[in-house]
Every structure is written in structure tokens, then in C-alpha cells.
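These are the structures, in C-alpha cells.
Two complexes follow with chain A in common, the first pairing it with chain B and the second with chain C.
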Partner chain A sequence: MFYRRAGIRHTDYRHERQLWPLPFDRYLVAVVAALLLAAPFVIERLYLVAYLLPWLIWSSAALGLNLLMGGAGQIHLGYGAVMAIGAYTSVHLVRIGAPLELAMLAGGLASALIGSIFGVAALRVKSLYLAMATIAMQYIVDFAITHIPGVSGGGQASIEVPPVRFLGLSIEGDLRTYYMALASCAVITLFMLNVGRTAFGRALAAIRERDYAAEIIGIDTFKYKLLAFWTSSFIGGVVGSVLVVCYLRSVSPDQFHLDLSVQILAMVIVGGLGSVLGSFFGAGLVLFAPIVFNNMIGFAADRSGIAISTDLRAHLPLMLYGALIIAFLVVEPLGLAKIYDNVRNYFLVWPFRTARR
Partner chain B sequence: MDSGLLIELAMTGALVGAMYGLVALGIVLIYKTSGTANFAQGAIAMMGGYLTWLFAAGVGLPMWLAIPAAVAAMFCFGVLVERTVLRRMIGQPVIMVVMLTFGIELLLRGAVPGLLGSAVKRLSLGIPQAPVFLGDVLINRAYLIGGGISAALIVAAIVLFNSRAGIIMRAVSDDQGASWSVGIRVERAIAIAWGLSAVAATFAGILWGSMQGVDWSLSLLLMKALAIAILGGLDSIPGVLLAAVIVGVCESLATGILDPLVGGGTRDIVASVIIVVTLMVRPYGLFGHEQIERV
Partner chain C sequence: MKLTRRSFVASTAATALMGIRSAVAEDERIIRFGMPQDFTKIYTFVTAEYSQGQRDYISLVNGRGGVNGYKIVADVSDHANDLPRAIEAYERLKREGMVLVDPLSTPVARALVSRALDDKINLVTAFSGRSDAADGSVFPYVMPLSPNYWTQAGLIVDFFRQQDKDLKGKKIVLVHIDTPFGKEPIPIFQALGQKLGYEFETFPYTPPGNDQSAIWPQVRRAKPDWVVFWGAGVGQTTALSEAIRNGIPMDRMSSSVWLSESDMDVVGKDAAKGVIKFEPCASGRSPKVIADILKEVGGKGQGAGPEAKIGTAYYNYGAMMGAIMVEGVRVAFNKAPNGPITGPWLNDGLTSITDFTAEGLLPAMTVTKEDHQGGGKGRIARWDGTKFVPQTDWFSANQDVVWAEIRKSAEAFKTNGK
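Entry: the complex of A and B
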């Protein structure tokens, strides 16, 4: 219908290697990019700041985690702590006068370094142990940030982000913060799209499928697992500093608790392990489903006259995250991205049944 | 710091540790039979505490009836979780199963306080408040009884593993395919392991609930349980008993000695530090077996 194809046939290698081999997909990407660029002039400021901006930032974080979980098949339950390290490092550097560009990179490096220390311990054994090491990391980093006054500025303190400049432009106002988040998200997305086509990405995929088999065909599994951990933590650190500079504007320890890790984990699983597009879908669903659901319940309660306890409404997001993770792992382990793919495959050669590939 | 206080802290720590060990017991049981870690164990302990409160205060049963009712209900719940959700994941990579159990943890953490109320619930077992003196060491009576019950239950689990049912479980943990071929019902063994670990968690939830009240924070037992399971070796039940005492004593001493220095809160990260240190020094724990995988 939209695609006007009778199957996908490549006539040369360059064509086959393209990111988006189908013209329709290329147009779609262009339209979405144009819409995102034009968004500040089209939609209201409230929606821009309250919905679009967090969606971009959380999607970037989900992309970073997806490199580790979907790309290399390693689990991480403490991604919020990784982002916290990046956020605090970059804020402190900016406060002592370092340029933001350097502070962001330093934040990423700090996250990668500290994250890898925990990774090294667990990667020597089975992936199961990684789950425990990373959840322990979450608690240890939380504790360190809260209890070291030099980092957090005291238990309940929050540190203001000073006015910053990025590439010569001062980052202030809704418009510029939005574009900065968009730019960083675009860079991370492009990296993630291309990493699967490099030797690094292929090595990770081999490890994900069967790490012993990967070892036998000559991939140093420990090195590549650690590299995946490093890269993913680096992205997490950079996103952490983007989150602080563009969205939160001030940093305090309670923003990076287990809740954030859980949110991003849910995004990756719901969106689809290993899928770039899925990370965006997942971030959208996980961020906005609780809000929509809460409003629906409030509306239903008003109409039917049944009082719904505040306890229930307060615990709704957590219930929803848990239910989404369970439902997707059991019913559709590849997430929303797979559902999109199924629909796309159906329409690819519509009105015929299946595409010959 | 005098030695009397140290001994007192260590004794209390050992008893508290035994109660943590009850939660860890469930993790080890499930790992031994199905080879995956159960990250929902903390929330299951919390749910056990809530159910006991519901039967005692909500339905109005006397405590001696409420506890067996809750234990029976939680056994069924454990079996049900395995039957409905976990069994569909057989053959999937381990991390999928781990994430699934983590999802169950989140769902229960939200649903149980959300439906039954998040305010702290009182759960009284009728243990008198007066402390016990052992020589000149002063010990909380609730800790003494709770620790005693927990240690007894863990020893019972060790005994169980030498009975017929235990041999079946050990066979399943050793090789699922081979157990199948000699007529062992593998699914049933795994389901029973889930039921039993829910029972162990429920006892932990009741004991802790009687001391600090029942609320969502019972699910934080997960971290202590993970630390114990890792330190003892994921596939060793005697390891649970020893590691439980070690973790409990470390935690108690850290709270007593380090808290005044760093300004509180060390109790919560002792478990995390033990996990990381164990993984660095001796990843398979004190009594665990090193796994040899075949391609």
C-alpha cells in the first residue's frame, strides 16, 4: 500500500548496506526529523517542555542501556546510578568553570570508569551475577553520593546548574535546551544505528547469542563484554549530564534512585531489546502510560462515584512497570519494535501475504 | 568501645542474619532446581507479611490460624507464579528470566501496598518486650525467637534435601534432561521449589513484620537475601546458614561502629558491599560449585 513493493531485492552491495533500504522508510525518517525540528514552533511550550523534552532524554538513556542489554545480552539494573555519576561529575566541573563540552565528556568517562569497576567483577562469571553486581552498584553509588558532602553538598542538598554555553551558544530558555537535547539524542541514535554494522557491533551480537560459541570463533568475550559495558556507561553518563543541564536544571541525589533504573529498564524491555526504534517507543509508553492511566482512573472514579484510594493511585506507576515488563517478556519478548515490524511486514507487500526476502 | 557491646552487637547480628537467611533460602532453592535467580523474593516476603496481617486483622482469625493460612496461601501463590509465568520462559536466556522475576517484584511492590494500604501495619506475635540476659549480654527477645525459628527452618531445609523430595530436586538441578528421562517430573519439582521458597519468604515477612511493622520496606530484604545467597554460594543451603550469620554480624557491627563516623545509613549498603567484594574475591561463594558450561 504505502510501500509499493513486491519483495525486497537488492541489486548491489551498497544498496543492501543502507540504513533504510526502502524509500518509504527514508521519507518517514525525514518527516519525523522535520517534525521534531519544527516542534517548538508548532506545539505549545507546555507540551514541549513537559512531554517532548523528557521523551527525547529518556529515549537517549534507553538507547544507551539497550546497547548493553539488547546488543550484548548483558543485564544492568543500576543504570540510574550510572547517569547519576555523569550528572554529578559534569555539574561539578561546570561549576568550577570547565566548558560544558568537556564536562559532558568527563561525566561520560567517569561513569564508564566507575561502572566498569562493577562490571569487571561480575563479567568474569555468568551474566546472572551481573544483575546482582549492578543492583549493588545502584545502592553503593546512592550511598556514596548522599554521604560524601563534597559530591552532593549534604544529604538533602540540590546543586543548581550555572548558566552554561554549548558550542558558543548559551543554553537557556525552552527552545535552546530542547534543541540541545534533540542534538544529543540524534548523535546517540546515529551511533546506535551504525554500531550494529561495525566489527564491534557484530562481536557483541555473537556474544549475545552464545558467548562460548563466540569465544570459539575468536572473539575475546571478556574484552568485548567489558567494552559494551564501558560504551553503554559512557552514553549513560553523557545522558545524565544532558538530563541535568536541559531538564532538571539542578541535581539532587533522589533523582537517580532505583526508580530511574527501573523506568529505563522497563523502557528497554517494552520497546524491544536491541532495537533503536523500540527504545523510542518504549520511552514513550513507559513515560506516558502512567499519566494517561492515572487520568483514566480518575475520570472513571468521578463518573462512577467509586472512591479510589490515594494509595492505589500512588502505586500505579510501579504496578504498571511491573505488569508491562512481565507482559512483554511473556507475550512479545522483542517488544513494541517487533509489533511495529510485524505491521510493517504485513503492509510491505500488501495485498499479498508474505514477502520473499 | 568495650567488648561487651561488641559481643552484644555480634549476637544480635547473628540472629538478625538468620532471619535474612530465610529469604535467601528461597533464592537458593529456586536456583538449585531451575538455575535462575529469583529477584521477586523480597516482594514475596512483603506479600506474606501483608497476607498474615490481612487474615489476622482484616478477616479476624486468631494468630495461630492466620499464620498457617498465610503460609498455605503463599505456597499456592508461589506454585501459581511458576505455573503461569515462569514455565513459559523455559528455554529462554537466563537474563530474560531474571528480568521477569524483577518485573514480578515491581508488580507486587506496587500492587500489594496499593491495594491493601501503604501505611505501616501492626502485626503482633505476642512475644514479650522484656529482653533476655545471656550472662551479661542483653538480647532482644523477639530477635532471639525469630532467629531461632529461622535457623531451625534453614536446618529443616537441609534435612529436606536429603529426603526423597530433596533428592528429586537435586537431580533436577544437576541435569533437567536426564531427570526427565528417568521419570522425574521436572516441572513439578520446580513448582514445589517455588512454593517452598514463597513459604520461607512468608516466614521472614511475618517475623520482620512483627518487629518493624508490615509495609513496603519489607521488600528491601531482597538485597540482604541476595548478599547471603552470593556469599554462601548460590547452590548451597548450608552456605545460607553460615553466610546469613556473616552478613548479619557485619551489618550489625557496621551500624554500631561505622554509623557514628559517617553519619548513619551504613546498614543499607553492607549487603551491597558484600555482594561486590564476594564477586571480586570468590565469585562462586563460600560453598558454591564452579559451573562448567558446555557449548
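Entry: the complex of A and C
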């Protein structure tokens, strides 16, 4: 009924392999894109700067990590450090007068370079051992940043981002930071949507499923594992610089600790490994569930007049948040993207129920 | 399963929509202080007691009719030291008309500095944030309102000098957590070492500092005359336990502000006898303000937390900060009785606080447009096994060295293009 699959006939390969073969999906994407573009003019400022903006940035980061974890099957627990390298490189370059466009690319390249060096470990070790190697990266990068005053910015270890221009526009105020984050997120999303349809994406998928089988069918696993780390780290570096330029406005080492890495890892897993849409859902849940629960409990406590202690009021949202994550993973281990997929599958044939078991 | 799955997803979505809307109190005569603080992650060792003191003081003022007929609303929430959460809280409170925000977290304060400067909202960074924010000419809306870490280091060294008469040829060591916070006082110790002729050595330990067993034997071998241990939370109690194990005399050891009665329970009240710390305000229940809180708020069961905590070190820090903020409101009303109640209005009050002691709770404090630290006075107190006993009167020392560092750092912030 909604999706109207009748009458869609693929007459060539290009047609069959388009991103959204069903008109309904295309309209949905167009509506969401239009809403995101119009958001600054229709929603309140609070929701723009405190919800949409971080959501776009964190989703971009989750997408970058998802390429490595969902795409190539390589675990990475140091993605925060990857972002830190990009953030610091670009901020330092901007401070010495480089244009932001170049500084962002340089940040991405620096992250890609250092990320791939640690990615070399992936050629030797797998799963849990790779997790340890990438945690080591996190700690080494943290240590290097805090112990090199030239990087951290000296005693206060905090560097303000100077006023920057991107493509001739100065990036300041709510509107321009939002659109810059939206643009970078759109580019990364398009890349991620398409990467699965390329030889590169298929090679990564083969490595993810079984790397020695991939080798047997002629995929150079050495090259593609390194490329996966390179690409994913490049995205991480660029997102790191978007994060500090558009959102944090200053850069300091504590913004990129293991907490951030684990947060992004959680987004990828809760959202759904390998799913583009899942990265957005995961970022939304992990970023905002604690905030929403916190506001809800604060609201309920204020309105009902029940005096609950501050400790309980602070910890209750975290308990609910933990329970929610567990519940989602129990209900649907394949992540939030799979829940969306289930709903979509139901409506694909609605009002008939043939798609359901 | 069919029903569970569907209703689960639907109910989650419904609650999410509900939660985004939050309460706005429809009361005209209020002044809103935003207090999103970290109750659940890193600063938990201090936040609960600090916030309790702060809110109890505000309840005391409100119970007596508020300031000029205005009630002070302390809007407390948890930001868990997480920047998206803190920025959300900041923006939400800003929409609700907050004139002051006290995040009590260094990373959050750093991320809020440029926002507060743009929005003209007073960002209180007591015992946290940037030390160079004491320079009000560069940071007009960042208000430390408390002796910063450089001042604390200066005062501690001066106390050592008072004890030993002369520090020439002595050795002072700093055992610190290996983070920017831990390394912060080093330039002051070095500068004063050159001036006073003592030898200075540092011993960093890895964060979070729950294992320092490798460091303290080295400290012992260095044979220091004075040891300063610089950390927070678990690092402090671990440092004390290790120092005791290595036979370092307690009465030659000093901490910054981050040492409390609760830490002494962990270390052992008798074992830690003699250890000294910096005090920004009086501790215990004897100051009149604390006694009043006990009588009018805590005693009536209206306190924000357990009554036993009233009068502990961090509780009093909170009461002190509450008192300074409310004094800022009072002065602001004196200067402009008709408001309007905005960030700049309160800033004018806060930067005109003169010789304020909160009835003996804190040293006479004078904040100006240039000096947001408030004079940098404090005192040294010693643990006697049951409580912290002041060893000196309120004093200030080495402010020339401290201000040289503040100006140098603030200048670097300014040249960053802001």
C-alpha cells in the first residue's frame, strides 16, 4: 500500500542497484533531507544547538567507525584518539593561518596516517587482541597530547578555535555551524551508502566474513585491511575537526578520552553493525537517552512534589538508560536499524501479513 | 513477543517525546542559577557535598524571604562530565533565563567559556576551570570567585617558609596526578624556587591514581623537606596511604583544597594525623552561617542532604560559593534595584563585592572587574585526628608570581584570535 512495489521492473543492472529502488524510500529520504535543511527555521534554537548539531556530528563519527567495524569487521576501541589527532592537527594548522578546508583535510590525513600505523596490528592480531592494540593507541595518543605542551597548548591544556572561514563563509553562529556539520555529515553518509556497492566495499565485506577465505579468492587482505583503517581514520579525523570547530569551540585532551571511544563504539553496536541508518539511530539513543531521562525525572519530581534525593535523581536516569540499552539488545540483537527494518518489512506488504512468520 | 516488541518500541518513542519537554516555572520573581554538575562520573567525591552546601545556603536565604523579594532558584541536574549533556543543560537553562551557571567541572567549564562570553552568562568556575580566568579583563563573564590553584600553591609554599623561617637549600617535592590539572601548579613552584632558593622535584602518577606504589618509595629516597600531593578523589587517599606506608612524616605533607573528612575516614583518622591542607573557608559547624543553616534548614528537615554532612569541608565550600553568588545578587540590587535581571546585571554585582566574609565563613573577599579571584586569601589547616584546625590566620602571599602567570596565560588566550 505505502511502498507500491508493483510495476517496478529492473531492465538494467544500474537500475537494479540504485540506492533506493522504491519510490516511497526516495520520498522519505527527500522529506528527511528537507526537514534537516529547514530545521534552523522551524525548530527552537535549543533543539538545534543542543540536539541536532551534536547528533549530526556524533552520527558522522559513528559512520566512520562503522566502516571499520561493520564493513571490515575490525574492532577499534581508540576511535576517540583518531578524532583527537584530526582535531588537534586542524586546530593547530588554522592557528598558524592555514585555511580551514586544507586544515580539515590535513587533520584527516594525519589521523589516517597514525591510524593506519596502529592498524598494522590488525594484520597480525584479531578480535580481542586487536581491541587491546587499539586501546593502546588511545592511551598513547592521550599521553602524547597531554605531555607535549606544543600540542596541548601549555598549562591550561585548552586551545580556543580561532574564527574560521569555510568556502568563503565565516563559521560562527548557530546557523552556519549547523549547516557545516550537516554538509560534512551528508558527504560522509553518501560515501558510506555507496561504499558497499564498490569493489572496495565488497572486498571489506569478504574480509569481515573470513579473512583467509578472502585471501583465497584473491583479495589482498594486507592492502584492504590497511585501507579500511586508512579510510575510517580519515573520516574520524575530519569529524574530529568538525566537532571542535562547530560544537566544542575549544580543544582539550579530556574531550577525547576513552569515554568518547566507548560512546561511539556503543552507538555502532546499538545502532547496528554495518548499517548507515543504524549509526544515526545509535548516536541518537546513546547521546540523548540520558538527557531525556534526566529531564523526565527532573520534570516528574518537580511536578509531583515528591522529594527524591539528588543522588537518586542523578542515578535513576542512568539505570533506566542501562536497562533500555539491554532491552534493545535483547529485543533485537542486530540493533536499532534492524527494528526499523522489521517495521519497514511489515509495511512493505501491509495490509497483508505475508512478510511475517 | 509480537506485542512486547511493538509496545516496547512505541512506548520508548512516546516517553522520548515527553521527556524532551521540560518544566518552566511560571513565577516572575525568581533568579535562576544553573547548576548542572557531575553527580555520577568523575567529580562524585565532591559534588554531592558541595551541591548540598550550596543549596542549603540558598534555602536559608529563600526561607528568610529571598533577596529583595526575589527567590533564588538553584536548578540542579546531572551532566556526568559529558560535554553534550552539559551543553544541552546549559542551552536549556539559558532558554529559561539563567543568569549564572556553576558546572563544577574543568572540561565542561572549558567548553562553556566561549559560550558564556558570547551569551553574557556568568560562568562560575570555583576550584575548577581555567586558572587564568582570574584576569577579568580577558574573561569578563568567567568567575572563579575562589583562590585558584596557582594561589593555593603560593600560599602553601609561604606556609612552609613561615615554618622553616628560610627555605634556602630545602627540598620541596610535588607528587601529582599526570593530567593538566596535576601539572598546573608546577610553574608557580618553580618560580618560587628560584626566588626562595629551594630545590623542587616532581613525581607524576598515572590517572586516576588508585595505584601509586611505584612513586612513593622514590619520594622517600628523594628525602624531601616538604611534600605537596596534588590530586583529587581517589588519588588523594591513595597518596596519603602510600606516604604513611613509606614513613613520610604527615606534618610535612600538604594538599590543595581537595582533602576532606571523608578522605580521612578512608585513610584512617589517626594515621593521617598532622597532614595539612589549604582552606578557602572555615570548616566545621561553628561559623555563624553554617550554624544558621543547621537551625533553620537542616534542623527542620529541609536540607538538601544528610544532616551529618553539614559542616564538612566540601559542604562548606558549597555554602561559601552559594554565599558569594547570593552576595553578588544583593550588590546587584543595590546598584540597580530595578534590574532587569540579566547576566550583565549580576556580573555588575559579582564584580563589585567588597570585603565580604559571609559572617566569618570566608576571608574578606573583594572582587573587581579585573580580579575575578577575589583577592586570593586563604589559610592552612592541620588534621588533628578529628577535625581540621587552622594553623594560620587568613593571609595572602606570592600574589605577584601568581598574577604574572595569570597574565601570561590570559595573554595567550587573547592572542588566540578570540
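Heads up, the rule we're going with is that the second predicted complex is superposed on the first by the 302 of 357 C-alpha atoms of A that agree within 3 Å, B and C clash if a C-alpha of one lies under 4 Å from a C-alpha of the other, contacts with A are read in each partner's own complex, and residues count from 1 in each chain.
Criterion: a residue touches a chain if its C-beta (ideal position, glycine included) is under 8 Å from a C-beta of that chain, and two chains touch if they have at least 3 such contacts.
Every value quoted in this text rests on a predicted model; they were computed, and no experiment measured them.
Asks: With both complexes superposed on chain A, which partner does A:M137 reach: first (chain B), second (chain C), both or neither?
Replies: first
Asks: Based on the superposed arrangement, let me know which partner A:V242 touches: chain B (first), chain C (second), both, or neither?
Replies: neither
Asks: Could you look at A:L312 and tell me whether it touches chain B, chain C, both or neither (first, second, both, neither)?
Replies: So A:L312 only meets chain B here.
Asks: Output check: A:I171 vs chain B and chain C. Expected answer is one of first, second, both, neither. What do you get?
Replies: A:I171: touches no partner chain.
Asks: Taking the superposition on A as described, I'd like to know which of chain B and chain C A:I85 touches: first, second, both or neither.
Replies: The answer is neither, since A:I85 touches no partner chain.
Asks: In the overlaid three-chain picture, which partner chain does A:T146 touch, first (chain B) or second (chain C), both, or neither?
Replies: In the superposition, A:T146 touches chain B and chain C alike.
Asks: Going by the contact rule set out at the top, does A:I325 touch chain B (first), chain C (second), both, or neither?
Replies: first
Asks: Classify the contacts of A:I188 with the two partner chains as first (chain B alone), second (chain C alone), both, or neither.
Replies: Touch status of A:I188: no partner.
Asks: Please identify the positions on chain A that touch both chain B and chain C, taking each partner from its own complex.
Replies: Overlap of chain B and chain C footprints on chain A: residues 146, 155, 309, 311, 314-315, 317-318, 324.
Asks: Going by the contact rule set out above, which residues of chain B touch chain A in the complex?
Replies: So the residues of chain B in touch with chain A come to 36-37, 39, 85, 88-89, 92-96, 98-100, 102-111, 113-115, 117-118, 223, 226-227, 230, 262-263, 265-266, 268-269, 271-273, 275-276, 279-280, 283-284, 291, 293-295.
Asks: Which residues of chain A touch chain C in the complex?
Replies: 44-47, 49-51, 54, 58, 95, 146, 152-160, 162-163, 247-250, 252-255, 259, 287-296, 298-299, 302-303, 309-311, 313-315, 317-318, 324, 327, 331-332, 339, 342-343
Asks: Quick check: in the complex, which residue numbers of chain A touch chain B?
Replies: Answer in residue numbers: 69, 73-75, 77, 118, 121-122, 124-129, 131-133, 135-137, 139-140, 143, 146-147, 155, 210, 212-213, 216, 262, 265, 269, 309, 311-312, 314-326, 329-330, 333.
Asks: Under the touch definition given earlier, write down the residues of chain C that touch chain A in their complex.
Replies: Against chain A, the touching part of chain C is residues 4-5, 8-9, 12, 15-16, 18-23, 25, 39-40, 48, 51-52, 76-78, 80, 82-85, 87-92, 95, 106-107, 110-111, 113-115, 130-132, 178-180, 183-184, 187, 304-305, 405, 409, 412-413, 416-418.
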